[in-house]
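Per-chain residue numbering starts at 1, and chain names A, B, C, D, E and F are given in the order in which the chains are listed.
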Amino acid sequence: MKRPSGREADQMRQVTLTRHYTKHAEGSVLVEFGDTKVICTVSVEAGVPRFLRGSGQGWITAEYGMLPRSTGGRMQREASRGKQGGRTLEIQRLIGRSLRAAVDLKSLGENTLYIDCDVIQADGGTRTASITGACVALVDALRVMKQRGALKKMPAVQMIAAVSVGIYQGEPVLDLDYLEDSAADTDLNVVVTDKGGFIEVQGTAEAAPFSAEELNAMLALAKQGVDQLFALQLAALETE
Amino acid sequence: MKRPSGREADQMRQVTLTRHYTKHAEGSVLVEFGDTKVICTVSVEAGVPRFLRGSGQGWITAEYGMLPRSTGGRMQREASRGKQGGRTLEIQRLIGRSLRAAVDLKSLGENTLYIDCDVIQADGGTRTASITGACVALVDALRVMKQRGALKKMPAVQMIAAVSVGIYQGEPVLDLDYLEDSAADTDLNVVVTDKGGFIEVQGTAEAAPFSAEELNAMLALAKQGVDQLFALQLAALETE
Amino acid sequence: MKRPSGREADQMRQVTLTRHYTKHAEGSVLVEFGDTKVICTVSVEAGVPRFLRGSGQGWITAEYGMLPRSTGGRMQREASRGKQGGRTLEIQRLIGRSLRAAVDLKSLGENTLYIDCDVIQADGGTRTASITGACVALVDALRVMKQRGALKKMPAVQMIAAVSVGIYQGEPVLDLDYLEDSAADTDLNVVVTDKGGFIEVQGTAEAAPFSAEELNAMLALAKQGVDQLFALQLAALETE
Amino acid sequence: MKRPSGREADQMRQVTLTRHYTKHAEGSVLVEFGDTKVICTVSVEAGVPRFLRGSGQGWITAEYGMLPRSTGGRMQREASRGKQGGRTLEIQRLIGRSLRAAVDLKSLGENTLYIDCDVIQADGGTRTASITGACVALVDALRVMKQRGALKKMPAVQMIAAVSVGIYQGEPVLDLDYLEDSAADTDLNVVVTDKGGFIEVQGTAEAAPFSAEELNAMLALAKQGVDQLFALQLAALETE
Amino acid sequence: MKRPSGREADQMRQVTLTRHYTKHAEGSVLVEFGDTKVICTVSVEAGVPRFLRGSGQGWITAEYGMLPRSTGGRMQREASRGKQGGRTLEIQRLIGRSLRAAVDLKSLGENTLYIDCDVIQADGGTRTASITGACVALVDALRVMKQRGALKKMPAVQMIAAVSVGIYQGEPVLDLDYLEDSAADTDLNVVVTDKGGFIEVQGTAEAAPFSAEELNAMLALAKQGVDQLFALQLAALETE
Amino acid sequence: MKRPSGREADQMRQVTLTRHYTKHAEGSVLVEFGDTKVICTVSVEAGVPRFLRGSGQGWITAEYGMLPRSTGGRMQREASRGKQGGRTLEIQRLIGRSLRAAVDLKSLGENTLYIDCDVIQADGGTRTASITGACVALVDALRVMKQRGALKKMPAVQMIAAVSVGIYQGEPVLDLDYLEDSAADTDLNVVVTDKGGFIEVQGTAEAAPFSAEELNAMLALAKQGVDQLFALQLAALETE
């Protein structure tokens, strides 16, 4: 088997995490998984949704978007269509659930953290790049909250990273780009904590059903991938 | 461990499949998983979406809805809110993907099969009940197409069934009802073919991350559940 | 004259009222007028719309929907179209007005009763079946409110029933099914109280204008029909 | 009984019909029923809705709107709310049905006539004024079509007029203004042809149910009213 | 050069301002610039938008609409399309900004003045006619507020008027009608105070870019035009 | 007078134009005016809007958006609000009109060029930066069309650039950043061709009306600014 990208089956694309990418947001990270580029910002606002008012607890929610020409052909702008598509809603729900696992919401006070993941260039794996980048931006936002006195102490954060794996020509491969994703039999997105527990496992048979063995092989490969991502997140957060 | 429902860990709720439930649709099944009740209809229309025109191939798509008071508290009617929520879109995309795996779209000719799953009473597991019931309605619709001459021969159908599993108080349990689902640590929806291959595996950590071992235990339990569902589908389709 | 249904001019379809049809709603009735089947639920919520706050008075409002394949051909789902059609709004406004005549709103306290009428199978007369069934569900909901202590005593209820009449081949006929309705010259929906007063009279000339004599003949027939409906409502409410 | 307006029970408001009120539309009439003022335009466009293509038959459809401050308090503009309300849709459906009875659609060729009724000042009876004025604008539009050669000959037109009647303090009264309408027990809108047949009869009990006798008394009064309207329509159409 | 309208280059159309045009609004003016006719109403409501609450200051906002057949061809009704178009929003933002310059918002107390400009017949220059007419209606509304005691004293008002100018066949011309506007090389809308200062200057090259000299010539012409408008506003406001 | 930015009155911010910023679009430029950063892409699609079909002529249209946290406080995402705001529509209409002046639409054949301007960081002047950057991306897109054979020869392009000017503390200043814009008395956006003609002049009095002299002083300053922009556009387009 030869991957279209020429990578080894267990080889990730070049991943970079650029902090402080834009200047207004409390957390702002440009995440790149090869040619996939996503701006992840975290914005802090006082107050929580109605169902949490008076609870003393905070909230984390996410929105996702793609620039119209982030993709091979131009997509209609969702703002001018007047609604977000099903794929967009599905992805932003996934990002929100994943990041809510990073930190105990009780430690946030009645504040809301808005995560915005905007894809400026797409080449497969935008949702997993978004989660991985947003977790770094989240830590930056918490640090800003601490500095501003909105938090008494820095809350414990469980780092979250995500990667896609697939079955390509019968073999499990790591971190699919767009071409590989289009040709894969199965597509599996895995969200993991830095302790190794799964937060989300979403597998879809594209061409042929998959077996438990294939699923386990893909999960093992995903674990390898996220370990590299955790190292990159850590390195990024250590620099100033 | 004692389940709130009093069932054994590997015990499904009473499942019934009532064919020809309403009279207009080409396929119409009332599926009940305990107190969860969903009307699944399949409607056949000549023609396909633009991206398939001229391909000679058919299409299967799904929509999902809940009656406003199918749930414990009344939900706002999506038609009067003016849009379908993210959860609705996510579920109907899942149903559509799952049922497209049941039959080779090329065998349908340029026809579209609309699957409508409308929950009239909800008690957990509405998406898995929908998939399981819709597959029976799909077979009925294909039979009608054959009778009407829209299909030359009955296409091969791979039966599809789905069930939810979870980790409840540290133990894997099958087919969660609403109370169990609310209290579970993990929620996993599994869509399987009658050959045993996975079509979709969607696991979400609700309270605590889950391990590969827990995932495999849940998958094994799910397989037990869908085997019972395949038997019920078969029995239902044999009667007139 | 021979009706397509084979019924006598003054003969209603078989009507059944099944109480407690679903388990969550305070009132839940499946009403069947022949092949027309509607689930009517009544949901009680504390609070009233802004224009009634502080008045001590309650409110009753209604919503109506049809499952996409409740009809001969599939209709587009209103939730996915993003708006309710004119016919839907017109019918739910009629149901709401009619049921507000059943009970003195002052006796409800500041509570809102949401009536949801969802057509699962349509064969003509869905609005009149909805009103007739919803009135039974309303009584059940009031009984639940009384049991829960939300009402000190059961308020006086004026039962409301509705039926359609028409001019078919020059003759007035009662309770038109879909085929008859499509072929009728005039379509008249009549909403009546159990004291015999009219709440709504809505007549539309479909093919030819109608005269005052025809109108009076239709109203007389409608009165015969609703008298049977009042007896069925009463019988249904007497059983437990 | 003394009407708030000081009029006799069977006395209509001053009605005026001003043709050619605006310059662009094929038919354009300002209709005034006392202080109620509505601009009715009829616009002719080649082509018909999809369901009539190839039938050789035309179509008539109507839209209704109120300027935001046509009423006592300012209403939110429907264009900025993003949808038309239920009352608006109900009224425009009524106007469209009523005017389709004026002329045999087959005589129009495959043309669509759009009726726009825009209320610039409201004081009760806007829907009946709209129908009455729109029928005159319709005749003007047909004449223009004839002149332009879009119609070979002027089609036969059955004039349509409409008026509201009510029960005010126990007595039937004709052509209610806003104050009277707000205080009436019953509100009945009647649409009639110049041959005396009913096109629509829509009666609603506002405060107390009404009897067949009251209904017939109101219908008789309505007939008196529309006879005056037919004379005014005729007079207006005779002038150049 | 000969203008299509036959007017001199510096000649405005006949302008009329009819106060108290409709009866409900605090200010209501029909403004006519030749065949362009706009109803401008000003409605007063207690309260201000959220961002001004507690500031003691008032707010002025505007909405603009065109009747569907105010133009040569029928336009789709924005209320039924479900949104206002870009041109509409642009114009109503311009009207709002312009009128907010007429009066110190602090002098209004926490009240909101809604300006509604509805075009009943369009022949070019609807936005400038709207601004000119709305300013008169605004003064009337302030007088009503003073009479009702909502204002202690009449606030100082700086009158605002607006006119369009253009380059037609190489020459600057004043107050373009629709035909002239369609054929002009440049279109410039100018909003001015009665002290001669500019509030808005919006120039667009339609066919060819314009020079600073042309711009200045157009501005000089516009000043001539608004001086006539200020005189008409003054005269209108002096009568009762 | 001292500008908040410390710049001279006639000093622009650092402007950079980065071509080929993203890989999918036919033209893709990152434009930076100081801290204002906008991604401008141009996408080519065969076909034109309905009103141009069969004309042999092309079309250029623009859309504009801001990432939710491109600004100091987070703005609600327009895609999730379900509509674009008035400011957005106004800006994208301006960009489209301006760029349609750059090239003779007849030379494009029946192709549509979609310009997307997405602000990733805002600090004043986003619309003028967008126009300036989009013009460079437009040239790149035309070159790609030429290479692909969609154009026989490179059409003549009139370069377009835009800059804002204002009156700050009584003095005209060039290229306002956000802080300066918020404090300015007047805000003027000027779009110019490389021949020196004006395409758009949009001046708004923010605090006090402005005079013709002030307008001319601002226009002169704007001309200085765009001359620098034309030089930068030229330099950018000369490199490969």
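FYI, contacts are C-beta pairs under 8 Å (C-beta built on N, C-alpha and C of every residue); 3 or more make two chains touch, one makes a residue touch a chain.
Quantities reported herein were computed from a predicted structural model and do not represent experimental measurements.
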Identity of the chain that, by mean CA position, is farthest from chain A: D
Repeat of interface D-E, chosen from C-D, A-F or A-B - more than half of residue-number contact pairs shared: A-F
Distance from chain F to chain C - Cα centre to Cα centre, in angstrom: 59
Whole-Å gap separating chain B and chain F, where each centre is the average of the chain's CA atoms: 50
Chain B residues counted as touching two or more neighbouring chains: 82-83
Going from chain A towards chain B, every chain in order around the ring: A, B, C, D, E, F
Contacting residues of chain D [partner chain E, same complex]: 22-25, 28, 35, 37, 39, 41, 43, 45, 63, 65, 67-74, 77-84, 88, 114, 116, 118, 120-122
Partner chain A, residues of chain B touching it in the complex: 83, 85-87, 89-90, 92-93, 97, 101, 188, 192-193, 195-205, 208-212, 215-216, 219
